[in-house]
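Below is one structure, written out as structure tokens, with a few remarks after it.
We just call them A, B, C, D, E and F in the order they show up, numbering each chain from 1.
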Amino acid sequence: MSEVFISGIVVFVLAAFVGMEVISKVPPTLHTPLMSGANAISGITIVGALAAASFLTDGIASTVLVFLAVTTATINVVGGFLVTDRMLEMFKKKPVKRDG
Amino acid sequence: MSEVFISGIVVFVLAAFVGMEVISKVPPTLHTPLMSGANAISGITIVGALAAASFLTDGIASTVLVFLAVTTATINVVGGFLVTDRMLEMFKKKPVKRDG
Amino acid sequence: MVELLYLAAAALFIFGLKMLGSPRTARRGNVFAGSGMLVAIVVTLINEEKLSWGVIIAGIVVGGTIGAVLALRVKMTAMPELVAAFNGFGGAASALVALAELDQNGANLPGEIAAVVAASLAVGSVTFSGSFIAFGKLQGAFPGRPVALPGQHVINAAMAAAIVALSVWGAAAGVVAPYWIIVAVALVLGVFGVLPIGGADMPVVISLLNSLSGVAASMAGFIIGNSALIIGGALVGAAGFILTVQMGEAMNRTLGNVLFSGFGSSSVSAGELSDKPVNRATADDVAIALGYANSVIFVPGYGLAVAQAQHATRDLGLALEEKGVKVDYSIHPVAGRMPGHMNVLLAEADVPYEQLLDLDQSNPRFPQTDVVLIVGANDVVNPSARDDADSVIYGMPILEVDLAQTVVVVKRSLSPGFAGIDNPLFYNENTMMFFSDGKAAMEDILKSLKSL
Amino acid sequence: MVELLYLAAAALFIFGLKMLGSPRTARRGNVFAGSGMLVAIVVTLINEEKLSWGVIIAGIVVGGTIGAVLALRVKMTAMPELVAAFNGFGGAASALVALAELDQNGANLPGEIAAVVAASLAVGSVTFSGSFIAFGKLQGAFPGRPVALPGQHVINAAMAAAIVALSVWGAAAGVVAPYWIIVAVALVLGVFGVLPIGGADMPVVISLLNSLSGVAASMAGFIIGNSALIIGGALVGAAGFILTVQMGEAMNRTLGNVLFSGFGSSSVSAGELSDKPVNRATADDVAIALGYANSVIFVPGYGLAVAQAQHATRDLGLALEEKGVKVDYSIHPVAGRMPGHMNVLLAEADVPYEQLLDLDQSNPRFPQTDVVLIVGANDVVNPSARDDADSVIYGMPILEVDLAQTVVVVKRSLSPGFAGIDNPLFYNENTMMFFSDGKAAMEDILKSLKSL
Amino acid sequence: MPQSVPQLTELEWDVVVERGAGDAAGFPDNQYEAAGATVGDAAAIAACDIVLVVSPPKPEFIGQLSRGAIVVGFLEPYINRELMEACVTAGVTAIAVEAIPRTTLAQSMDALSSQTNIAGYAAVLQACQDAPKLMPMMVTAAGTIAPGRVLILGVGVAGLQAIATAKRLGAVVHAYDIRPETAEQVESLGAKFVAAPTASADAGGYAVEVEADTQARQHEALAPFVAEADIVITTAQIPGRPAPLLITSEMVAAMRPGAVVVDMAAATGGNVEPSRPDEVVTVGGVRIHGPTNLAAHMPGDASRMYSRNLVTLLQRLHAEGTENLTTDAIFEEAAVVIQGEARHPRTRSLLGLEDA
Amino acid sequence: MPQSVPQLTELEWDVVVERGAGDAAGFPDNQYEAAGATVGDAAAIAACDIVLVVSPPKPEFIGQLSRGAIVVGFLEPYINRELMEACVTAGVTAIAVEAIPRTTLAQSMDALSSQTNIAGYAAVLQACQDAPKLMPMMVTAAGTIAPGRVLILGVGVAGLQAIATAKRLGAVVHAYDIRPETAEQVESLGAKFVAAPTASADAGGYAVEVEADTQARQHEALAPFVAEADIVITTAQIPGRPAPLLITSEMVAAMRPGAVVVDMAAATGGNVEPSRPDEVVTVGGVRIHGPTNLAAHMPGDASRMYSRNLVTLLQRLHAEGTENLTTDAIFEEAAVVIQGEARHPRTRSLLGLEDA
């Protein structure tokens, strides 16, 4: 295995530890928003899609694949963060007064 | 900066995150044992000392330095884990009965 | 430098995830995570040479538009399925990155790279098809109830084994074919994996698929040697997994249960009289509703007496007051089983007389009240007495709790009270039912409130 | 392969640290961490070629013997200073590794390596000298009270700046001299950094130095390019820092306060009558004592009435019973300010009559009782009535709580009760004083107990 | 209660109050006048269309009423034969609060509930006052006072209030009722239920008479609790029948001297064998009270509640119209005599009429 | 109490009990005999070395005692001049429980505490029983009953127990005492302290007399609370002096009809102007009780506690020896007359003797 790959594994394991530890007991009302936020983060694969766009071959297949990769990843990222934000609107600071 | 060094930084940062997250609210009675345990872990520098022993030059200075490094690191490791264990004796499972 | 910027993006993800876990910081957490993503994207765009800007811009515009429109148009209630759909796209993207790699560099790869390509394809594809089945189930496009072939588990295991075999073949032979077959098998596996799971368990499944899409992204990161992907993917993979376990726990199901028992068709327990749907709530949901309210009125009934929940109720009231919530107690004239029954209990628990409201003081207050928490009362809050001329209690004055913003009812089941009649309040849109013994409920809510 | 084994060792460290944070798992956590260390050492020994076994064996035998003897011989009360000493050795080891590197490879290093060598030397040396000053203060070899030159902070800042300058010089010139000077300056800085801090704050300082020794180890890891050191060091550095902050909080001091206010000579607050030392406890300490007991007796007094802590006390009692602890309440005939005062309050809080013990029932029970929790009682548990013929209350029957295993006293200060006399109970070895309002105390203990 | 007068005048009715009627409860005549009522003598009262009474009036008084007049109040419809006969003869309508159904809807008019509730409270006070023992437990320098032991037999409205009051005072309370569902209610007040034979209630929530054999088993099960008690309060009633015998003379003899028994059912025959209505009998150091009108010990709140009950009843009467008495869920039962026709089955059987 | 007899015979003393002494409290003579005592008549009693009494004996009885005998009990040492003179003349030693110091050490012999404690409880029961109002708040179908308002004046032992008892019954309780430290004690029972003038106690923890001007300000501050109260219980005493006047006739006139006042200080002049010892006076619908021996309402527990107090006292007497009365911290004060010599300053001044 290449050294880069191995240090990739080290990084992967450490990051997984961080991921596990960073989630402490979450109240159920936040389960869905948190899932949605995490889902948006998994859209990081867009970076992979962009990178793939830099070594595009001439074939139409390659272009289509990369286009699809960028598109789906973007849907995930943009949609993911926006919908999470909408879910979290209920946690805006509470209104001081409300008219009856 | 060499690539190895940079991936070292990545690893350092991630490990630091793990270290931060892994300590949640600790009851004060455990403060000292936890500190002691962490101190024992910092004895990992013994690995460095051992590694240093593998490229020993002939000079007496080098030998002394390495000897001191191995010795101090070993004190830290051995003493650290043992003393932590002694501190933690009070948390042995509670005795079922005690005669009055 | 690029690596360090990616590291910064990863740090933003970590902070973001952490903050998303607590109501106070969740919104900012999402912003943090989003900024991390922006950093990662910009760094990539600046760093990579020879970018095919056309494809990129086209992809971003199309994808961004679709994502934004879906996210902003969706109704609140349909959000979980939308998350499933987005997640499916994420999985697809990871698989596509792996395919692009194959397309560009051919199939003659070093062993470890071949392995991650296969993994990325398999996990990404399972995520994609599985997510869309989940989406369909929640949308009602597929039947919500479990659908399975006989021996489904065996078939699924066989498919998983096939994927492993195919990836060994691909690595050894250096040809593209096995990889495409992997995609096909994985897509089928995703479908068959999710179909047998009931609609009620879908949120847990989506969370698990979300964790998988993180793993897929991480594998893609290994393929192109990109640390941002490795870290971000691993984070989501691990965090998503922990979250999945927690969601299962909150529904009293273990993960194995959800995935393999197959038939989590409904988590509704026995003892219910009516089959109209109710909004079930957990202690945490109630705690959040109470904790973010300005004014709360407790309505005790006979169930509070049976559960001997007076002290626990008072403790909850005190904790809310400490948080600055205005707390009162409404006592209906016939609550309990003897005149003054509630008074005896609340006096024992030291509730000050000034906080006790009788019927005439209470009713004008409900419309201005954020949350009414009903502890074991039933007949005295039954709107039939006001609305249904055929009801045996028609004409009795009731506490008109249904006029409040939100109503939380704590009782053990949907069984009726002394008068023996059903209560339409329980099925209202703005009513949450928390089925539990009164005392245990108060204690659980208090615990949740403290950890808010 | 080696890297992956190091990774496994790191994972063991992580699990170990996590488990050390909770009473139930702490012992196993230490074993985990120790195993991780063993893995790391064995891997290194197998992996490195050309090992000078003589030096290694000598070092390990000498170091191991010293460490083991110190650890096993030390008295319980002297453990904190021993930890300080061990920590000092750890810092020294890191600095020595850096020196060995200089010795073996010369001073002509790439910029980033030069930087970490300087950092390792500086941090390691500060840790070494600082730890031994802390050790000395706790041992009583140095005065526990703060010692400082005028303008100490300025001098320290100057030394820190000098270290930075020296490391730049070292990197630019490629000579060894500046590194030795760094060692010298850092040793002095360690001494002057710790001397001005009072004995009571030493535990916080040791924890901070511990965090620093982690950083030093991590820097050493960069020097020799060893991921086990980088990860292990970073873990300890970060975890130690968080722990330091928490320890400060538990003592109501911010870190800045401890380090720079200079004069944390004593954390004993005002309002104390006597200057005999007492064992102060926090809610967590009390919760642990109660949670691990088999039998607990509550002794309420007038302070419970003043604090209106009856409900909170009962809640704590219930929580303990749930944990399987036997709970009773001893009522002294003259506790409170009227006959039956405690009965009124405990009845209000629904304590069953069967759990109320009077004087004659209580006294034979105390010697078999693990913990007695005294809530705002004073005269009625004053052993002077039994032991001191000159006392104005000599001859009054008291609750002989001092015969129990452990006594916890909850009151706001050391002020006397109705009879106006001091209480020797408070200064006993087996008494913990928890200074707090009775009600707040019960609530805090309950909270800690739940998170045990 | 003077405060109720405006609620009635609002219905466009004139209100006449008998001279001196409110004195005992602390409501002088002038307060009623100030509230808009006229104060009159018996004759003025007899001329009214609706007459509200507290306790059953003399049969002669009924004779003075105009035909079709309505009498409302405690009328003893199942036992006071003379009064019922007078109502029939006079052709008046009699609404007996005793006959109001015990439903959720009717509770605000249910004077039986409101008055027996007060009686339950008063019974405990009376017993504690008479007992040589303190109720709360007290650990004092002069020794530990054990908590008083109170036993409540019959856990209807009065019994529940008695439990609550005794608990408040710190006593250890046991209770028993023949209806099994009361066990939960007893525990909901923090008292202990005594395991003894139980039997289900009738459709109206009332207990039914039990057989001799069951009764014997009851006595056996209750005996040890009775013997240990410092205070026993009995409230068991069966509407229209003599009260069940729960404590025999033998059981009283086993009680400790100084114990106090309050038999709230003394008026209908008594739950306790030696009890006599409105007397205090002492047997072997045990003092047995047989109060028949305990609510009158708290006249202020008792009248306040009773007048609220009657006002609610009159408001419903006004709303439903006096013609529709037979179709209303409440008056159907409570109007035991309508314009001289006895309607309630129990009243009919009292008067020797066959079922309607 | 028969159970105390063995504790005394253990001290090798013979115990003689007066015939019929325990009947009222439920302790028949034969129980005493079974416990090892002799039952005798007055003459047999007079022949004893130590005589225990409950209430002050007649001076003639003292005359029958042998010289050097010891009388222990309630002897009214500061006000009963005849009795004290008889003690001096007869040359006996008088240990008055009223004179026992109020220290932590002496509390187990302090009969004043144990008896006034019971009295405080009994006073509340008596008042509640007499009031036309329920104490607990009740939200019922027949309207909401407001909680009773109780005011306690004088927060010594009796006052504190009265507060506790009234709180238990669910009343809203206010209380006031001249000693400022009682504010905390009142709040420790969940009641509210009324802000009115306060003054520090003397060294023994007793209140001192206040000036007319302070008293006027007291009345002014208390008036609104008195006017609003359903029940007022007064317990203020100043040892050896007439009780302070806390409620004037004017203030009583402002109270609502039906209110009840219990003046526990009636025996020493009363805290309430119209109160009369052992009578119930009704003024404008307000009923004012002036009980002087409330503890006797709970004879069982009262005797139990009193006999425990006396036994503890005798045990100390036995241990210290009867010769050392002047040097013991407790008897130094409690033995108001030793072998015919009046010692306590208050007793001396009662008898017109100058300070010893």
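In this section, a contact is a pair of C-beta atoms (placed from the backbone, for glycine too) under 8 Å apart; a residue touches a chain by one contact, two chains touch by 3 or more.
For clarity, every value in this text was computed on a predicted model and none was experimentally measured.
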Checklist entry - Can you list every chain in contact with both chain A and chain C? => result B, D
Checklist entry - Between chain pairs C-F and B-D, which one is joined by a greater number of C-beta pairs in contact? => result B-D
Checklist entry - Residue numbers at the chain E-chain F interface: does the shared fraction exceed half, giving same, or fall under half, giving different? => result same
Checklist entry - Between chain B and chain C, what is the separation of their C-alpha centroids in Å? => result 40
Checklist entry - Distance-wise, how many Å sit between the C-alpha centres of chain B and chain F, to the nearest whole number? => result 72
Item to check | Inter-centroid spacing, chain F versus chain D (mean Cα positions, whole Å) | outcome: 56
Next on the checklist: Can you pull out the residues of chain A that are in contact with at least two other chains?
Outcome noted: 4, 7, 10-11, 13-15, 17-18, 21-22, 24
Checklist outcome for this item: Contacts with two or more other chains occur in chain D at residues 10, 14, 18, 227, 231, 333-334, 339-340, 344, 347-348, 350
Checklist outcome for this item: Each of the following residues of chain F touches two or more other chains, namely 107-108, 113-114, 117, 136, 138, 140-143, 145, 164, 168, 170, 190
Next on the checklist: What's the complete list of touching chain pairs for this entry?
Outcome noted: A-B, A-C, A-D, B-C, B-D, C-D, C-E, C-F, D-E, D-F, E-F
Checklist outcome for this item: In the complex, chain E touches chain C at residues 103-105, 107-108, 113-114, 117, 157, 160-161, 164, 167-168, 184-185, 187-190, 329
Item to check | Residues of chain B that touch chain C when the two form their complex | outcome: 6-7, 9-10, 13-14, 17, 21
Item to check | chain F-facing residues of chain D, complex | outcome: 302, 305-306, 308, 333-334, 336-341, 344, 347-348, 379, 392-397, 418-419
Item to check | Touching residues on chain C, where the partner in the complex is chain A | outcome: 10, 13-14, 16-18, 20-24, 26-27, 29-31, 33-34, 36-37, 40-41, 44-45, 48-52, 55-56, 58-60, 62-64, 66-68, 70-72, 74, 76, 79-80, 82-83, 86-87, 89-90, 92-94, 96-97, 99-101, 103-104, 110, 112-113, 203, 206-207, 210-211, 213-214, 216-218, 220-243, 246-247, 250, 282, 284-285, 287-288, 292-294, 367-368, 370, 448, 451-452
Checklist outcome for this item: Counting only contacts in the complex, chain A reaches chain C at residues 1-2, 4-5, 8, 11-13, 15-20, 22-57, 59, 61-63, 65-88, 91-92, 94-98, 100
